[in-house]
Structure formats: structure tokens, C-alpha cells
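Same chain, two partners: chain A is paired with chain B first, then with chain C.
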Partner chain A sequence: MIGVIFGVIVPYIAVAIFVVGVIYRFINWANSAVPLKIPTTGGQQKSLPFIKRTIYDRFDSPYTWWETVGRMILEIFMFRSLLKNTRYYLDRVSQKDARWLWLFAILFHYSLLLVLIRHSRFFLQPVPEFVEMLSEIEAFKGVFIPSVYVSGLAIVAGLFLLWLRRIFLSRERTLSLPSDHFALILLLAITISGNIMRYFFKADLEKVKELLMNLMVFDVGKAVAIADSIEPIFYVHFVLASFLLAYFPFSKLMHAGGVLFTPTRNMPNDNRARRHVNPWDSDPSVPILAKGITVGGKTFTSKKLDWDTYYSMYTDQLDEIAESDYKIAPEEL
Partner chain B sequence: MEEMPEKIEIRQRFPEWREMLKPVKKFEEGRLSYISLPKQVDSEFFKMPFGDVERDLHDLKLPENWKELFLEAMKETLEKNRAFKLFMDICVRCGACADKCHYYIGTGDPKNMPVGRAELIRSVYRRYFTLSGKIFGKWAGARELTEDVVRELYYYAYQCSLCRRCSLFCPYGIDTAEIVWWLRRILSRIGLNQRFMTISIEASARTGNHLGLLPGGMAGAIQQGLEELKDVTGFDLHTYINKKGADVLFVAPSGDYFATPHWFVMLGYLLLFNELEEKYGLTVTWSTYASEGGNFGTFHSYEAAQLLNSKIYKEAERLGVSFIIGGECGHMWRDKHQFINTMNNPPKNEEWKRFWENPDLGELAEGLRGVRFDSYASGEHGWIHILEFTAALIEHKKITLDKSRNDHWAATYHDPCNVARGMGLIEEPRYVLRNVMNKFYEMPEHTIKEKTYCCGAGGGLLADEIMDLRMRGVMPRMMAARHVYKKYGVNILLTPCAIDKAQFPHALEYWKIPIEVGGPMEMVGNALVLTAFGEKPEDRQYDLRGEPLNKEEGE
Partner chain C sequence: MYHKQYVIPLILIFLAGFFTPYWYNAMAESFGYVPEMKKPAGECVENKDWMAANHMLLLQQWRTQAIRHGAEGGRIYHSSTTGLEYHASTNTCWECHESKEEFCDQCHDYVGIHPECWDCHYTPSIEKPHYQGTDTLSKFFS
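On to the complex of A and B.
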């Protein structure tokens, strides 16, 4: 029975929530308008031909589509902004690099990537060669018996380091909400249970793969039959991972997808070459305030100061300027 | 006039997360901005919702259904601005932004960390717009919207200068300026506006500029500048105002017409325009109608920014100019680079269209052929920064400069936040400065260029009542200035930003750094040899401040 609930029902629900939730979030973000082109420029703009731009400027203050893509790739794969991190000390002018956060983040995220690639062996038949190869390389095959996967241990270390930051650094402790700790604890539980299963209380991985393959082709009958024969330790890992999937779309973990949408990074700094049109103000011939804004059923309209209004308000002074033929010169003494 | 804080003590506090969700009840002296009066926000030319009531922070006099209105405005914002919605959702609270904020460094107040500031509104977002916030409440970091929360939102929304330094360091590009800007817009929908900025917005909506200068006053100010230039150079110079058929419209922040040290920059503009007209025949006109470059609307809301910057393209069209040059200003260039051509339709006059088909200054004045702007600008925008313009003139050897006239200055350059991070104008000013003066030194690397520290008074925070906050916020910049003052003997801090020029003299006095403040165009004005008037490099006896150039020999 346990096998059926945790091996069949729970993962189906979790994956459904994950897929629907993530798509919902993406559509939800995409549906919000982008009123202005607001890249944060982290380097020299493209301007006059003799003003030289370095390669960094081109990615930090992108002008073309390709440079913008380059900026996003650096951001997503290198965490470029975090790499710029500094720490301010009140007692000195100098700065010190504070790239620990970058290091821990890279350690965690790349370990996660490797772990996920390794896990693809449970979903793919035959197992792709590069997955095998990668696993062998990171395990230094032949050095330890049984082979030790570095990424599996590194991910635990990375998570602990990130969590210790939140516990021991006073500023980060103040900032951290329960949900921040929760996400880290959940990930720790998943990775530690995975390691325990790998090295101490082994589960029958052949069966696990069979279960997953059957789940994937919706052969529920076979899946149910296999599910009950797998060791309970597997379900600890499996249920936690399912829970993470279901939790993902509603949490800050969505930063993984959100980074693609961020207007301060994914827009080029080419405002002066190409006009950006605001979808909810696409014909701005009359300012919105002059048309009036409605709040609580009441409309508030600001009078528009067009030239004619302006001229009628200050006719004498403007005529005086016209009389001098629009020229200002020092007064004759 | 202003009350300077006697002593600044930075007390860092690290409360636990529960306390961060509770609204502060005690507002520090010198950090709380006054709320607008009816004459500013219930004016004919700038009418904001519920602006007809006089309020203060202890008695908000909110409309009866304020909560509904607030949430409605917030919902609208989430739909209208993807950045706002995304930044509500994806922050992981890693803390990378925390010590990047000059106000946090200066005050030590945890809610002044960029992430802390954003959490103030994010917690309300979670409570009313997310499932987990509705179910788990405080455990999901959500909180009820109460009047105390609104007070707190106002208090902290006006402790951010929209400088975007945090956005540079955020791994997701979360821009607190974007959050705060739209939060201020939400607050304005229930009647809460900050007084200092709305004084200027209202004046600009009514008269064309923040100072409320009428046409005669502005013309008079420029005339006085020309008279001063006659004393300095000995030449009869002139300029145009509201002139139809001029080649270029020039728009400066209105501070340049009166304030010091802005004034010397204004003299620099006038010298350059006279040389160009006399030598090449390029005519530049000012306008009394579009007399404001700086746009305090950009501190308030999209709509207010649009109301103020809508005048400029219209004026360009009316006067029939070919393009627009903008003066030295910080936020102005966020507005003029990123906002203005989205918020308005660009001019459609013939001259404009013709020029941008082949944007070579030679089309306007034969002698300037070769100076082109089409590598980055088009007729869909049409603004050129005065320092880009000057840099191009220098590169093409169209103006004659005598660097030695600036030898009495040893300068450093402060990048205005929005010029650096909202535009990317970083090397052009340095190119100009290296060509007009011999002694130019950079401040430490982590305080300049895109990492520049704010002057602590941008974003509408140049108000006198928050002097304590301003003097704290400027501290990182002042420490960097002191460093170059001690190391290189720097005696002037140059910045192309009107708000900087207003803030720094106070700040330098407060932090006891005996150096002057100026703008790059002042240095250009000093170095510029008016060859068209027959001036020789050695002719100039005084700089634009009226100081004799050859002190040692004279004494």
C-alpha cells in the first residue's frame, strides 16, 4: 500500500502540480506588461565610434540582441552579478572581495546540475553515453570502491554552507524568512537521504528504474505491482523530491525561471536607437494625467500646459522675448 | 538654513525576522519627509487623488476605503509592470544587495537594506496576492496591510534615492528603484505624496520648470550669465531663446539658471554655443516652455514623469529644430535616455526627419561635417548628451582647447548614478576631462563608474527636513573623495548632475573635506579658446569663477 501511495499517486500529483504551476507562473509573468526599457547598465554604452568598449562593456551594457543574450548566459551560467560582489567596511575606504556567496552558489547549482544529469539514467533507456561518462569521471572510477560521486557530496556541502551563512551572519539571519530555511532544509533532506541510500541502505535501483519507466508511459498497473517491492528508504528520498517539485512553483525557487524574465537584464541598452512602445500607453500624444486618472470612482485630471495655454498665461513676457527677436545679449550699459 | 546633525553614529541592528515584519512606530529625526500640501497635489496643473487634504504622518487622514484603493492600485501595478511583479516573486534574500546601499551603510537600519526595503511591500504582496501568504500568514513572510504599515511604507519609500546600485549586484537584476518608484505611485493613489518633489513637479507642470521661473526670469538669468562672460572674456556674446528655426534645442536642468556651482556650468554651455555659432553657424536655442531637463516626475510615477517630459518634444516640433542636446543632469538622463520616447511621440517636423536621415552635423553647418550620431541614436529619440556632443567635437578637432587654463584645478569625477547605471555614459566625460585639463584623478575603483555611490540626495531626497539621512547617505562618496583629496591633492569634485551639485557643497562641509564642486562643462568653458572671436590661448585672465588664472605671477 505504501508503495502505491508514495510510488504512484504522490509523484503523479507532484509532477502535475509542478508542470501546471510552472507554466502558470510563466504565463502570469508574461502577461504583465513591460512599460519601459530599463536595463541596468553595468558598463560603457555604445555611443560614439571613438569611445572604446571592452568585451565586458559589451556584455554589461549590451546594445545588440547577441550581446543581450551573452549577458543572460553569463548571468545564468556564471552568476556574473554575484561575482561582482563586494563587502563594505565602515572603518576603511578599501573594499574586500566577498565572493564566498558566489562560490557557494556555484558549488550548489553545478552540483545540482550534475546530480540531475546522473539521475537521468532512471528515466532514459538506453542510458545516454555522456551520462555514463560524466558519472564515471566525477566518481574517479576505480579510486574508491564503491565509487563515490563527488557531486552528491558537494551538493550537501554547498547547501550546508549556504545555510550556515543564514544562521551565523547577522545580516543574513535578519533577512532570512522561515521559507528560506525551509527550502534549504528540504533540499538537504533530499540530498542526504539520497546519499544514505547510495552508500548505506541500498535500494534496488533496477526496480526503481522500472517503476519510473512505467510511470512515464502511464502503465499504472505495472507501476503498482513494482512499487510495493521497493525498499522503504527509497520512498523517503522519493517523497521528499516529489514534495519539492510540488513546492517549487509557489516558492522563491521560481527564481530559476524568473531570471529569464527580468527586464533589467534581458533588455538591450539601445533606447536611443530603437523606440520601446508601452503596451498600455501606445499612443502617448496626450499625457495620461491630462486625460485623467480614475481612483475610487473619481477622476482626477491635470490641466495640460500646451504651448497655447502657456502663451496665454505669460503673454507679456513671451512677447517681450519675441520683440528682442528671441535673442539674449548682455545689457548695454 | 538647514539643520546639520551634530554627530552621526551608525548603529547597526540585526533584529530577528519576526520583528522585521512589524511596522516601525518610531521615526528618526531627520529621515522623515514631509507630506505634500493641497497646493502642490490639488493644483490645477497637478491633481493627485485625495490631494485636497492636509496630512502629516501621525494623522494620515486616508480616504475611508483606502485599503481597497491601495490593493486595487497594487493589483493594477502588478498587471502593468512585469518588473514589479517579478521582483515581488523571485527574491531569494541572499543578501548580496544589503551593503550596496549607501543609506544602509550610513544608517545601519536593517529596513534600509535594499532587500529589507523591498520586503516591506513584498510582505503585503504575499498576504493579498499569493496562496502561501494567505494560508501561512506570517510564517510565509506575509503581513496585514494596516495604517501603521502604510506609514512605514511611506517612511522607507522616501529613504531610497532610486540609484539602482543594488540592481547591479543582484543576481536577478532586482531593481529596488523600480519597486520603490511604483510603490510611491501606489501611495500617491491614496493621497500620500512627498512634499519636496511635488513642489517641483507642480511648479514644472505650471511654468515649465521646477523653480517656477517665468519666461522673463529665465531670460534674465541667462542674460546675467552673458554679462558675466563679458567680464571674463571681454567679448559680446549672445544666445537664443524660443527661437524658431534654430538647429538645436538645448535643455538643461533648471538649477543651472541660478544655483551655484551649477552656474559655472551654464557659463560653459554658453561659451561653447557661441564658439560653434560664430565659427560654424550652428545655432542653439533655449526654450522657456521646455525649460526643465531634470524631471522630478521620474521620482514620483510614470504618469507624473510623462506629464513633465511631454513638453520637450512638442517644443522641438514647434521650434523646428533638428535634434536636442541635454545638459548636465543625473536622473534627467534616466528620463531622457530610457523614458522620454516611450512616454511621448517623437517630433515629426521636417527638419527633424531630414536631419535624422543622415545625422551628420555637416548637414546643419558645413564646417562640422564628420560629426555623426547614428552609431547609437536615431530620429526615434533624438537626444544627445552635452558631454557626448563635446567629446565628438574634441575628437574631430572642431574646437580649440587650452588645457593649461585648468592647471589650478586638480579634479576627480563623480559618476551620477542614473547616468552610469541607467544610461552607460561612463567614458565620454572622462574623455572630455582628459582633454580639457591636466590634473584628473579617479576615486577608488569600487566607488566609480557603474559602481558609483549616490550623492544621497537623488530621487527626491534633496529635502531639507531629511538632512540627517542625506549626510549619512553621502558618507561612502565622501570617504572616497577624502581619499583622493589626501592622496592627490584633489581640489574639485566634478559631476554632471544638478542634484549632486546641490548636495555636495553641504556634504563636503559636513564631512570636512575642503574641496570645491563643479561640473565638467565648467572645465570645458575654461579651456575653450574662442578662436572665432580672435581669442588667443594666453588671452584669458580669469576662470569662470572670476579667479585670476596666473596667481603666482600676479602676486
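On to the complex of A and C.
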């Protein structure tokens, strides 16, 4: 009975939620307008011809489509933006570099990639040559019996480091929400249960692959028959992984797809050369002032931006500042 | 929807990536493939289902018995299932399992595992050099 619930029903529901959820999130993001051009830049913008740009400027402040693609690829594979927040990570007093997040994130994500590639052997028949080779290389085949997969241990280490960082560093502890901890604990539970299954309480992998192959062709009858004969430790791993799949699209883990939709990353910094049209603008050919700008409840219109209109828009605010003798007091809450 | 030229290919790539097993298995024509093992003649030393998951631990234990205690007669294995005594050696396995290809390799290939034990150790299907003159020997000694 447990096998039928956790081995057949839960994974079907989880995969359906994952696929529909991810596509829903993609379309939801794609439907969101980006009214302003907001690339974050860390380099010299393309400007007058005598202002030189180095290769770093081209990727930090991209101008062309290819430079933007280069920045996205470096962001996806190198996580460069995690190295950029030096105001946060460089301690001004002790001059210590505390950019642990980048190191731990690289450790975790690349281990996860290797682990996912290795798991493809339960879904692909015949098992691709490169999957077997990759497994044998990372296990240093023949050194340990059974083979110890380095990525399987590194992913646990990486997750623990990421989690301990949230627990022991005071600023990160303050910033952390329950969902941040939950995602890490869930991933830790999956990876640790996987390692336990691999090294201590063995499960019959041939049955596992048989179950998955039958699930894939919707042969529910056979899958149910097999599901009941697999060891319980497998279901600990399998159900937690199913929960992760179902949780994925609606959590912060969706940054895997969200990085592609980040306006601060995927927009070229060509604001001065090309006009960015606000998609909410009903008629971009008409200047915004001709349509009217509402400031403080009053709508101002003029054919083009002239000083008098601009001044009249903000006169009240300027008068208020003058009344307070040009001293700005903190807002009272 | 904005940027359709990027978002629609992205969704298609995501679907193609997530459903890799479908098009891969369709190309290999291996949907729902289940390996068929040759049923061995006798009873196994332990329970069949336990062996399916844990035979590597048993062989590891037998290896330790043979290496550490073999000379002192420590190669006797007491079965937890039947209570019978067995000689802790892979030759005990080969008495019933007559072919490595038709039994072991079926599942090992299925889950993409290649134990290096049989690079050196004896299996019934090993290709033994029969002396037929020096010309044929060159096949085994390069």
C-alpha cells in the first residue's frame, strides 16, 4: 500500500505539478512588463569612441546582443553576481573577504549537476556511455568498494556549508526566512537519504529502474506490482525528491529558471543609443508629458518638457522644504 | 506575452530536457524494457530478494573472510536464511549461476554498473587460452 502511494501516485502528481508549474511561472514572468531599462552594470558603458572599454567592461556593461549573452552565460555557469556584492561581503574593519556564498554555491550546484547526470541511468535505457564514464571517473573506480561517488558527498557538504552560513553568520541569520531553511533541509534530507541508501541500507536498483520504466509508459498495473517489493529506504529518498519537484516551481528554488528572466542581467546597457519603449505606454510616439503626469493628485500636461511645467509640478514640495528651513527630518512613524 | 521569440523556445527546451527519457528511449526503442535473467538451478545461499539488493555486501564479506581468515579455515559462511554452511568463494555462486552474461550482466548493464571484480576473477564465461601453437597465444599476450 505504501509502495502504491509513494511509488506510483505521489510521483505522478509531483511531476505534473512540476511541469505545469514551471511553464506557468515562465509564462507569468514573460507576461510581466519591464517598463524601464534596468541593467545593473559594473563597467564602463559604451560611450564616445575615445573612452576605452576593456573585455571586462564588455561583459559587465554589455552593449550588443552577444555581450549580453556572454554575461548571461557567465552568470549561469560562474555565478559572477555572487562575487559582486563587495559592499556586503568585504568587512571594512578587518579587511576580510567573506564571499563564502559563491564558493558554497559553486560546490553545491556543480555537485547537483553531476548527481542529476548520474541519476539519468534510472531513466535511460540503454545507459549512455558518458554517464557510465562520468560515474566511474568521479568514483575513482576501483579505489573503494563500493564505489564512493565524490559528488554525492560534496553535495551534502555544500548544503551543510550553505545552511551553517545561514545559521552562524549574524547578518545571514537575520535575513533568513523559514522557506530558506526549508529548501536547504529538504535538499539535505534527499541527499543524505540517497547516500544512506547507497552505502548502508541497500535497495534493489534493478527493481527501482523497472518501476521508473513502467511509470514512464503509464503501465500502472506492473508499476503497482513492483512498487510493493522495493525496500522502504528507497521511498524515503523517492518521496522527498517528489516533494521537491512539487515544491520547486513555487519556491525560491525557481531561481533556476528565473535567472533567465532577470531584467537587471538580461538587458543590454544601451539606453543612450536605443530607446527602451515602455510596453504599458499606450502610444509611445506621444511624449509622456503630452499625455499628462499626475503629481500629488494634480495632472499636468504640456506639449514637451518645459521648465515652467516641471517647476509647477513640484512647487508644493519645494515650498514644503523651504518652510522647514531646508532641514530634512526623519519621517515620524 | 513579451519576448515570445525567447520564451517559447525556452519552454520547448525545458520540456525536451525534462522529458529526455521519452525521446531517448523512443530512439533506442526500449520503452518499458525489463531484463530477463536466466533462472539458476539451485537455491541461493540467502533470500532471493535480500540477495538482489545486498549481494555486493555478501561478496565483500566473503572476500574479507578469504583474505584474512582463509588459511585458518575461516571461509565457512553460515546462511542466515537456511542455516546451511557454504564455502565462501565465488565458485559457490558459479555452481548455480552458469553464465555471467545471462545473469549478472543483465541487471548490471540495466543500471549502468560495471564491477571491476571480473576484470581478474574467474567467471564461467571467461575465455580460457587453449594452447594451439604460438600464433593463437599472441591473442592473449600482446
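The definition used in the following text is that the second predicted complex is superposed on the first by the 271 of 333 C-alpha atoms of A that agree within 3 Å, B and C clash if a C-alpha of one lies under 4 Å from a C-alpha of the other, contacts with A are read in each partner's own complex, and residues count from 1 in each chain.
Convention: contacts are C-beta pairs under 8 Å (C-beta built on N, C-alpha and C of every residue); 3 or more make two chains touch, one makes a residue touch a chain.
Source: prediction; values computed, not measured.
Peer 1: Considering only the touch criterion stated at the top, classify A:Lys209 as touching first (chain B), second (chain C), both, or neither.
Peer 2: It touches chain C, and chain B stays clear.
Peer 1: Please name the chain, chain B or chain C, that touches the greater number of residues in chain A.
Peer 2: Counting residues of chain A touched by each partner, the higher count goes to B.
Peer 1: Could you look at A:Leu289 and tell me whether it touches chain B, chain C, both or neither (first, second, both, neither)?
Peer 2: first
Peer 1: Given the touch rule stated above, what does A:Thr262 touch, chain B (first), chain C (second), both, or neither?
Peer 2: After superposing on A, A:Thr262 lies in contact with chain B but is clear of chain C.
Peer 1: When the two structures are overlaid on chain A, which partner does A:Asp228 contact: first (chain B), second (chain C), both, or neither?
Peer 2: Neither: A:Asp228 stays clear of chain B and chain C.
Peer 1: A:Phe250 in the overlay: touching chain B, chain C, both, or neither? Say first, second, both or neither.
Peer 2: A:Phe250 sits against chain B, while chain C stays out of touch.
Peer 1: Which partner does A:Val131 reach: the first (chain B), the second (chain C), both, or neither?
Peer 2: second
Peer 1: Looking at the overlay, does A:Ala33 come into contact with chain B only (first), chain C only (second), both, or neither?
Peer 2: both
Peer 1: May I ask you to decide whether A:Val217 touches chain B, chain C, both, or neither, giving the answer as first, second, both or neither?
Peer 2: Second partner only.
Peer 1: Shared contact residues on chain A for chain B and chain C?
Peer 2: 30-34
Peer 1: Chain B touches which residues of chain A in the complex?
Peer 2: 25, 28-38, 40-52, 57, 60-61, 63, 75, 79, 81-82, 84-88, 90, 93-95, 101, 105, 165, 169-180, 250-252, 254-255, 258-259, 261-265, 269-278, 280-281, 283-285, 287-290, 293, 295-296, 298, 300-303, 305-307, 310, 314, 317-318, 320-322, 326-331
Peer 1: In their complex, what parts of chain A are in touch with chain C?
Peer 2: 18-19, 22-23, 26-27, 30-34, 120-128, 131-132, 135-136, 141-142, 145-146, 202-210, 213-214, 216-217, 219, 222, 229, 231, 257, 260, 279
Peer 1: Using the touch definition up top, name the residues of chain C that touch chain A in the complex.
Peer 2: 1-4, 7, 10-11, 14-15, 18, 20-22, 24-25, 28, 30-35, 49, 52-54, 56-57, 60, 107, 109-114, 116
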